[in-house]
Amino acid sequence: MSTPTHPIPARLAEGYRGFRHTRFRRERDHYARLAEAGQQPTTLMIACVDSRVAPEVVFDADPGEMLVVRNVANLVPPYQPDAGYHGTSAAIEFAVRQLKVRHIVVCGHASCGGINAFRQNALKGVDAAHGDFVARWMDMIAPATRLALTCEGVDPLQDQNAMELAAIRQSLVHLRTFPWLAERERAGELALHGLWFDVADGSLRVLDEASGEFSALDDAPLT
Amino acid sequence: MSTPTHPIPARLAEGYRGFRHTRFRRERDHYARLAEAGQQPTTLMIACVDSRVAPEVVFDADPGEMLVVRNVANLVPPYQPDAGYHGTSAAIEFAVRQLKVRHIVVCGHASCGGINAFRQNALKGVDAAHGDFVARWMDMIAPATRLALTCEGVDPLQDQNAMELAAIRQSLVHLRTFPWLAERERAGELALHGLWFDVADGSLRVLDEASGEFSALDDAPLT
Amino acid sequence: MSTPTHPIPARLAEGYRGFRHTRFRRERDHYARLAEAGQQPTTLMIACVDSRVAPEVVFDADPGEMLVVRNVANLVPPYQPDAGYHGTSAAIEFAVRQLKVRHIVVCGHASCGGINAFRQNALKGVDAAHGDFVARWMDMIAPATRLALTCEGVDPLQDQNAMELAAIRQSLVHLRTFPWLAERERAGELALHGLWFDVADGSLRVLDEASGEFSALDDAPLT
Amino acid sequence: MSTPTHPIPARLAEGYRGFRHTRFRRERDHYARLAEAGQQPTTLMIACVDSRVAPEVVFDADPGEMLVVRNVANLVPPYQPDAGYHGTSAAIEFAVRQLKVRHIVVCGHASCGGINAFRQNALKGVDAAHGDFVARWMDMIAPATRLALTCEGVDPLQDQNAMELAAIRQSLVHLRTFPWLAERERAGELALHGLWFDVADGSLRVLDEASGEFSALDDAPLT
């Protein structure tokens, strides 16, 4: 007996038609050139799977501009070249060694579901064996966020936010455990950045690694 | 000595300002509601890191509409609940068990760099130990694409295309190795889909799982 | 004493910056080419001043695609080559004789304020001398809409709608009083069209001049 | 014999479908509210018919934000409440007396075809009787531009530009001949503005009426 086939969701078909008749039509020469010449993105964006934070939307990116890896909570695992399947590390290798990107951006955001799940588990004393993958995946940030929990007190929103920022800092630390990446950074051929986007008000904070602080990108207020 | 801090790339700051003053301004009530109520996406999109294929652009998606995991070549590893960090599997677990999405779409595309790397290695007889992560990651599709190579002959473009389609089919097979996912599909609460986007002409092909064939989404021609 | 200068409204400055950093940036080569080569639009659009019906938005037009004249209620006066200032007629002359457009579209819409003002005046027996310009301008459609009032009965919304459609038909009649325009139409070098856009549901109706009827442009429903 | 009916141009149908499935879908609640409540624009924009300068695009305007009258060369005739059809004056009356807009913007632009036609006629000594409407319409700016011609010397581009700016200043003078408009300006309920858009590089200049000078809107450079 064959597997039943479902028509694609109506919204996907509709959205695709909208794209094709507006933006694709307008930029089709650019798409054709990119198909012919191949991609040469200068930035690797490491972002969350969250449905509210699409990097190409938030940064109004053109096709071809940035390679985008997305996982739960925009995390980077430490360098572990073993026999396992390492999706995020493969993307980093592809970006750095093959495409030779000049920038890697770790882009976190407010109200992150992965961070919240981790925080709830931490509060309840649930260990990483809970569930099959999410808890284990999020456990990666335990060292960094433990500090955040201690420092920031008892306000849940403040804790959540502190963990989101701590996770970004930790991902930058993990990025530098990849030897060929650290080497390019030392050679001045690659720069690392940490950003945090607030879904609620559209503001963007930028990490200053020297001080460890995030500060709002200077911008004209909206009317 | 402190780590030097780099200003964020000018294009990112500029693109963000453009977004904030156009689309975010126009949709800020929607963003604020999503921040308050949390996300409830109905679709999980599994897409490639490729800089030319942004799912929210290609499907003109609204904020909140689809959870998006992106890795090299839009692959799904088989179900392996061990001590390793499994980013893609964590995203699938988050989407299916927590957010209870109704659709999972594996969206491949033409000129895929990951598939091409795999194909080049296969032709040269380079094994998966080459490099640290990409070759090992792509080795996941070996069973499916071996068939593609055999069937399709010697035209490189045809081979590349056949492998891209075979990889999508294999990801669907792997998805069904996740027991709680397969259960929801059997219960009619979840549907799986395979799509393939052609960067060069903007066409979209849809997989019919019964026949194994991909066919173009019926659409009005562009003028 | 000098005239005081006001800063431009904040929304205009903000909107302009948004445009410049998103759409203009993306299409600047196209804009530069248009500035160099001059415009060659193939369509003249005659539309209303209404703030809800921007032709370039409703028809997703590219820069350079259509010449757009906008006045109250998208009217065309009859051919009157005298010493007066005739703005709409000048636009028609520029489009037809200099730019040699292939299409002229009269695009009306629902809830037209100019038509409503005319209807209110007609119901109250106020003559065209009321006010300085609007009533006199709208008086142009009296012949056509008198018929509409008679035919359509007493429902105000129906009356309003019937007048909007009647005014479009009349503008097409007036267009054909311009001798050099009628000549190009007879020679098959120019086609005239009537459209009506419904702000409330986004539907578009197309006039069939043979029958005098407007019918909805066949389109896929929105989800 | 009936008038033959032509199908609407393919690009219009395609563009409309694109709009309806992208921007209209996304903003349909806003459109529905505007249809229900009526428009309340705060700005009247007086712009050119030119196909390269769509005000809603250049100022990224939302539906409902600005009333837009467009004629050849964005001109305002002097106040002439006689028996003629005065389209632009009717739009001004509608905007000021009925909708009570707070701002009127005269928006000129580079490479204006109407201004160029006037300039060519002036150089050749062709009088305003040439053609049926355009020459007579453009003759309105003769007093202002005569000065421009004298002042600016012999460089055609400089002349063209000086005339474009002079025409904007003159339109502001003509606006103030409308007694009910001037009264609202004196009462501080209405502000007039002059802008000039350069198609070639996307820059925008703002008139300072006190000095009579136009200066670039301060803006971050594009990358």
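Just a few scattered comments:
A, B, C and D are the chain letters, set down in written order, and residue numbers restart from 1 in every chain.
Assume a contact is a pair of C-beta atoms (placed from the backbone, for glycine too) under 8 Å apart; a residue touches a chain by one contact, two chains touch by 3 or more.
Keep in mind that what you see is a predicted model, and the values were worked out from it rather than measured.
Contact count check for A-C and C-D (C-beta pairs in contact): higher for C-D.
Legend: contact pairs of B-D compared by residue number with A-C, A-D or A-B; the interface matching in over half of them is A-C. Centroids of subunit C and subunit D (each the mean of its C-alpha atoms) stand 15 Å apart.
One simple way to say how far apart two chains are is to compare their mean CA positions; for subunit B and subunit C this gives 45 Å. If you average the CA atoms of subunit A and of subunit C, the two centres end up 47 Å from each other. Multi-chain contact residues, meaning those touching two or more other chains, occur in subunit C at positions 11, 14-15, 17-19, 21-22, 25, 60, 220, 222. Chain contact topology: the protein chains form a complete graph, every chain touching every other one. Across the complex, subunit B meets subunit D through its residues 10-11, 14, 17, 21-22, 26-27, 60, 62, 220, 222-223.
Considering their complex, residues 2-6, 8-9, 11-13, 15-25, 28, 31-32, 34-36, 38-39, 41-43, 49-61, 63-72, 75, 77, 79-81, 83-95, 97-99, 102-103, 105, 110-111, 113-114, 117, 131-134, 136-138, 140, 191-193, 195, 198-202, 204, 206-210, 217, 219-220, 222 of subunit A touch subunit B. Those residues of subunit B that touch subunit C in the shared complex are 14-15, 17-19, 21-22, 25.
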